[in-house]
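In order of appearance the chains are A, B, C and D, and numbering begins at 1 in each one.
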Amino acid sequence: MSATAVHSLWTTAADPIQKIDAPNIEYGQLAPTLIVIGAAVVGILVEAFVPRRSRYYVQIFVSVVALAAAFAAVVALAASGYGTTKAGIAAMGAVAVDGPALFLQGVILLAGVLGVFTFAERRLDPVAHGNRVDSFAAQAASVPGSDSEKAAVKAGFTTTEVFPLLLFAIGGMLVFPAANDLLTLFIALEVFSLPLYLLCAVARRKRIMSQEAAVKYFLLGAFASAFTLFGIALLYGYAGSVSYATIAQVVDGTVETVNPALADTMGNDALLLIGAAMIVMGLLFKVGAVPFHMWTPDVYQGAPTPVTGFMAAATKVAAFGALLRLLYVVLPGLRWDWRPVMMGVAVVTMLGGAIVAITQTDIKRLLAYSSIAHAGFILAGVIAMTPDGVSSVLFYLAAYSFVTIGAFAVVTLVRDAGGEATHLSKWAGLGRRSPLVAAVFAVYLLAFAGIPLTSGFAGKFAVFKAAAEGGASALVVVGVISSAIAAFFYIRVIVLMFFSEPRPEGPTVAVPSPLTMTAIAVGVAVTLVLGVAPQYFLDLAGQAGVFVR
Amino acid sequence: MSFPLLTATAALPAIGAIATAAVPAARRTAAKWLALLVSLATLALAVVVLVRFDPDGDRYQLTESHAWIKDFGVRYELGVDGIAVALIALTALLIPFVILAGWHDADPLETHSSRWRPTQGFFALILGVEAMVIISFEATDVFLFYIFFEAMLIPMYFLIGGFGDRAHAGSDEHAAAQRSYAAVKFLLYNLAGGLIMLAAVIGLYVVAGNFSLQEIAEARANGSLDMATNTERWLFLGFFFAFAVKAPLWPLHTWLPNAMGEATAPVAVLITAVVDKVGTFAMLRFCLQLFPEASKWATPAILVLALISIIYGALLAVGQRDIKRLVAYASISHFGFIIMGIFAMTSQGQSGATLYMVNHGISTAALMLVAGFLITRRGSRLIADYGGVQKVAPVLAGTFLIGSLATLSLPGLAPFVSEFLVLIGTFARYPVIGIIATFGIVLAALYTLVLYQRTMTGPVKPEVSAMPDLKVRELAVVAPLIALLIFLGVYPKPLTDIVNPAVKQTMSDVHKKDPKPEVEAAK
Amino acid sequence: MNPVNYLYLAALLFTIGASGVLIRRNAIVVFMCIELMLNACNLAFVAFSRMHGNLDGQIIAFFTMVVAAAEVVVGLAIIVSLFRSRHSASVDDASLMKL
Amino acid sequence: MENLIALLVAAPLLGAAVLLCGGRRLDPVGHWIGTVLASASFVIGAILFADMLGKDEEHRALAQHLFSWIPVEGFQADIAFQLDQLSMTFVLLITGVGSLIHVYSIGYMEHDERRRRFFGYLNLFLAAMLLLVLADNYLLLYVGWEGVGLASYLLIGFWQHKPSAATAAKKAFLVNRVGDMGLSIAIMLMFTTFGTFAFGPVLEATGETGEGKLTAIGLMLLLAACGKSAQVPLQSWLGDAMEGPTPVSALIHAATMVTAGVYLIVRSGEIFNAAPDAQLVTTVVGAVTLLFGAIVGCAKDDIKKALAGSTMSQIGYMILAAGLGPIGYVFAIMHLVTHGFFKAGLFLGAGSVMHGMNDEVDMRKYGGLRKHMPVTFVTFGLGYLAIIGFPGLSGFFSKDKIIEAAFAKGGTEGWILGGVALLGAAITAFYMTRVMLMTFFGEKRWQPDEHGHEPHPHESPKSMTIPMIVLAFGSVFAGGFFGIGDRFLHWLEPVTEHTHGHPPIGATTVTLSTMVVLVIGVGLAYLQYGRRPVPVVAPRGSLLTRAARRDLLQDDFNHVVLVRGGEHLTRSLVYVDHTLVDGVVNGTAASMGGLSGRLRKLQNGYARSYAVSMFGGAAILIAATLLMRAV
């Protein structure tokens, strides 16, 4: 590098008289995120100042109101055309406000509301010392079984911090699919990951497993995000910028004025390819695709079930949103490089998830593996590389998230002395004991299995159709086969619930409060509506299917 | 906008199912009567359809068409041709008998808790199946058809697995295991078939851009939509596989004996007489119309498989020890005939196949239901446990004999007409296959008469010595079926008049003409 | 000196960190290795920023440090609570959930 | 007039319906209903006959079209009747003998609580048999064809509590089914060749197709005939069919149903005329069977089985005659009718004997019965004389003609067939004499049975004797009535046409030689069974005798080859179905499970190994991406 260049660098960097013009932020368009984050901060203050007795209610109030308001904002934005015609880049190019972003934010917010409901459930666990308790530790810091914990329980402490944590996570998730430069992407990733790590650790029952889940999730998550970050570094090195638009231009080779300092790195495709691969790997980790899936079963099993439900639904939505944007906005120029690779990933994910699930004996792990298989199905839609592909993925995510939250909410209901009875053998004859709950769960399982007239079928059909139109017929065939395999274990659970005699020492089905009931009911309703009359939502997803560049 | 007759015919049992399921646990009998009345009302509607249908009119009549899922190119399109009308009538006709025959099959045992309501569930599920079967006969939109073709598995699955035959050897646990094995097998086979069909359905959409049977068929006919030969063949195979599992065709048949063996007799009838017909019907309507060329390409292979089914099923029926499994294998043999008739690509063959679907439905229902009555009396499905029943319960034995004779397609009973048509239709194009298939007649005589001899004749076994003869309810189930068998055997014209035009259409779809008799050909 | 060498160094550090994650048992050490990887990234950013002559990379490095700090907070909290409840910080001991 | 034809069938059909659906309340009157409707059918037949005689030969045939049965594209099957002289002959035989046997059964089945049902079945049989002979197309004929099969199945197995009866019934139906297969294939061939299977069009169009097709059709028809008429190789069922009540044996397994095969061949004359090879095979089958039946008849000690053997052999004569073509058709039918009389008579006689002997069938336990049941003795004796062809009686005329015709075939074939026919006559004389002697002559050989009941032979009630007497008249005079002046020939000629053949040796020579062999046969039998007392326990006998007792071992053959083989086949198939066909599927499922179990192990709970997989995954991802660019 020549001395003049160096000099110029110094001068530009340290020019005293150069004045920084204030960035202009479109607060309106960022309203959903801002509301949620703000509410999270408020939640922290609540923790600080509101007396313990009333915290629980205040937190619920704050969270629900915030999420509702944010959802209203999303709807308002979509209604005023930000999803389609007025779609654009906000916050100095950091955040995109377009169809996919708004659609996914809406889904995440609704999932968040249901999440709050399941978080706030206090009827399931037996009353401890006259206090109704939720599924979170009385005092996460205290060692399980220690005196301090007993005291905490006696005093009726509860970890109301989960609500602000949840809000922070949601805030991050809202940004994640909308992030329009790699830095924002990374920050959003961390913002929604860190609270989740914590939430995993604070289960009231089986805390050891809960903490183990948290550690695994945290270490592996951090490991993955390190890869992402390095990938970002390489892309930055390649394109000299982290903004999607610029990188895309560089990839397509449509840059007007090439900065001579960049000339040599731009030519270096190794940087580009390795960097892209590492970022994609980070996202695949979040969606739980094989071979980056190994955290999923353990974490899903160990985490408090409400958290699992929310995480399984919302994380997938956010991560796939980000993945879509990355592949459709930044790397379309590279599709011939990444498409075959992604196909491979999709295939092993579909098959791997389905096959390993066959022999699972724990309902939460079973659902974890099924979520892996579903990640594979969604990837099939992602690979289509057509507008149909985008909208089909959006639809699938919406359908899937409600089914998931509902299913895990049902899991929280089936309990025995040791808390939730997650071992499959204990579910035997559930259909005899309480037909309704079993029937509802059966509906969810059938939706997972993709039986017609459930949202699962509509979604599966949409993505497979997109994939076939996108010329990935092979994926469709594999998908169909793995669906057949997957059907086997969903059916197994149904058999267990309905056709096997109930055990005398079998679990009881707790009667939940209206909160969980709402979550479950909404889940069923959405499952059936999206199954029978999906057109309206398909239209929605269809309109939302275009990324702003 | 005229009254949506077809929708009503399908919706009525669906609503009835929900209503039946909602009947409180204590009001068991009320649920039964409700179900029976609904099924009768459905029958009435089906009769109206039959009357309103004009054999000489358009191909699809009473059509309804509404937008449904635009993005998937799916419309809610209903319409019936002669074949569909006949099968809808059959379905609507059989269900009341199924319900009546299963009157006590789902009465709860003491062990069940009060909240478990098997009776309501049983009859609700039967009605649900009826609704789905009827609508899949009516659907002229491939996707719509597919949805119900798949969805009907779920209620069937619960019927098989949830309400097994209480007459079983061994412990309850063992029986339960057997049952759920049968149910799972049924579901997985059909689900696998359905999913492979799903791939083909998607493929069809990619090729054709919509799912309307009429549009695609027309486009295929006038050449405006031409598929690459291989594409067409793959799609055809995708569809055919699902239908062959449902039908069932050798070697995809093994789920049927388990299912029919473990299910209660009425449910077994539901499976083989009603649900499986959707498979053969779909071959006739979808495979031939959508993929005429591929159908012709696959014909030889399919005929051979059908032939194997005929002989193989019959031989295995001879080898069975369990009455219901025997009937199941007999059905496999008969489905072989139906499929052979469809793919013989002659008017006689296809008319015969269609009649065969109806007649086989009635005859199997008669035989299986009587067998069910017999089994519930003795509490065993093993042929060896019976003997000399004819002495103590002559009416039961008599009806059983007539059922058997219908199964071996004795002239004068309905099945003969259809079986002979199928044979002659096949023979006209494929003499060798036709001749080998006639061995099926002899084997049919073998397994039915052996069954009759072992169970009904000979010295009276002590266990059956106190066996009561048919009750009024049971007679009310069997007598009409037998009357129908005789009527359709002597005067099938009403049925053929409805079926013939549709068959002529199908023949023209596949661009096939009947082979001319040698004498005329010579001229 | 050619800034590309810094990239090689960054890659080297990243690999060292990654292999540390794979090899070491103690959760704290594993976590430190991850931090090392993050810092490798930072080095890469700064190096690239220097090569390209724009400051984005350096700014990103600051962001990364903040994120790393946040991770430390969360991570240590989790690890410590785990350590307190089972008196061992070995990641291999935490293997109740498997298969 | 022609509208009466349907009534012929309808009357007994109505009877069957009423009796079988009527339930117990009809028990007291059931047999009367049955008899009345049977005779009603006979009366109608008589009316039609009278009307037919009134017309001149060309216009005697009547036709009645009821309705279109199976109308399908390019396929037309009707419910339509045709009544020509041939059909008329059968109608009279069937309804006549049928009515008599109804009457007889009133007495014979008196003590059976299921008598109503029995008459129902008899009526069902009449209806089916009439349908068979009145149908104007092969498909409708097929209906009757299987209908009589069903009736015979029901009647053979009437005493179902006897496993032997049930088995025999099943066997009869199955063997017949094999024959029916032939008939259905024949119909298919006709359809593909002529586009129709109505008698008229088919038989007129025979000229328009090749001999090969016609031979095939002919052979298939012959197969059908073999099944129904118990001809080799499908004869095995007839012997066992004797398990049925004796009136059944008389009506179905002697007089009418078993002769349906002859009807079929004669009816399809044009086809056979144009297919010499088929004709040859037919004659061979006939010849073989007539010897076969005769030999079996010689060895049986069961009176009914002996008669069954004779039936086989007599039908062999008819088939032989039918195989000879226009020369033989008339005589085949003529022998059929006369045989109908005397064989029915003989069976009724046998039934009467059994009636008096506590249903004992073993002739070795009879002896000297002529004193105890004179009427039976006389009628049976007349039947005996008729069947052996005693000059002047029915059998003489009909059988003699057939032997002539056989010789008239000419060439070595002629000699062989004629010779066989003669030999058959001799053996017939032998075994019938044997039956006669063992039953009615000699000393009484019956002892008390295990319950100590000593049978008290007595004459049967009028309801039984009268039919026997009537049939005896038939067996005496029918032959002469038909034969003298070729009445029967002129009656049938318009339908079957007739060519006069000239045997190489003059007709008188044939007649004389028949006489000679007759005397020889009777003489031998007398030496064997008349001179010395008949042992109560059958002597071991020669190899041939023992073989003949077992129906010349063909049952054992069937058992070993078909039954055993079949059982093995089915058993192994059941195994295959379970292990192979099912096993493949279950195997896939199982292997999936195994694979799952193995992959599961990867999830070993160690965070570090998870990290390894991620690291490896990342490496692969990167490598693959670079590779994609490289290629």
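Throughout what follows, a residue touches a chain if its C-beta (ideal position, glycine included) is under 8 Å from a C-beta of that chain, and two chains touch if they have at least 3 such contacts.
Just so you know, these numbers come straight off a predicted model, no measurement behind them.
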item	value
Chains touching both subunit B and subunit C	A, D
Contact-richer chain pair [B-D vs C-D]	B-D
Central chain (distance from its CA mean to the mean of all protein CA atoms)	B
Where subunit B and subunit D are represented by their mean Cα positions, the distance between them in whole Å	37
Centre distance in Å when subunit C and subunit D are each reduced to the mean of their C-alpha atoms	97
Centre distance in Å when subunit A and subunit B are each reduced to the mean of their C-alpha atoms	46
Approximate Å spacing (C-alpha centroids) for the pair subunit A, subunit D	81
Shared interface positions of subunit B, touching two or more other chains	188
Set of subunit D residues in contact with two or more other chains	589, 600, 603, 605, 607, 611
Junction residues of subunit A - those touching two or more other chains	215-216, 219, 223, 227, 297-298, 488
Pairs of chains satisfying the touch condition	A-B, A-C, A-D, B-D, C-D
Touching residues on subunit B, where the partner in the complex is subunit D	188-189, 250-251, 253-254, 312, 315-316, 318-320, 347-348, 351-352, 388, 390-391, 398, 405, 410-412, 416-417, 420-421, 423-424, 427-428, 431, 434-435, 438-439, 441-442, 445-446, 449-450, 453, 456-460, 490-493, 496-497, 500, 503-504, 507, 514-520, 522
Partner subunit C, residues of subunit A touching it in the complex	1, 5, 8-9, 12-13, 140-141, 143-144, 183, 186-187, 190, 194, 197-198, 201, 207-209, 211-216, 218-219, 222-223, 226-227, 229-230, 232-234, 236-237, 240-242, 259, 261-262, 265, 297-298, 301-302
Touching residues (chain side subunit A, partner subunit B) in the complex	391, 432-435, 446, 449, 451-453, 457-458, 461-462, 464-465, 468-469, 473, 476-477, 480-481, 483-484, 487-488, 491-492, 495, 498-501, 533-535, 538-539, 542
Interface residues, subunit C side, partner subunit D - complex	18, 21-23, 25, 30, 91-92, 94-99
Residues of subunit D that touch subunit B when the two form their complex	20, 67-75, 79, 139, 142-143, 145-147, 150, 153, 157, 160-161, 163, 165-167, 169-170, 173-174, 177-178, 180-181, 184-185, 187-188, 191-196, 205, 208-209, 213, 566, 569-571, 573-574, 577, 581-582, 585, 589
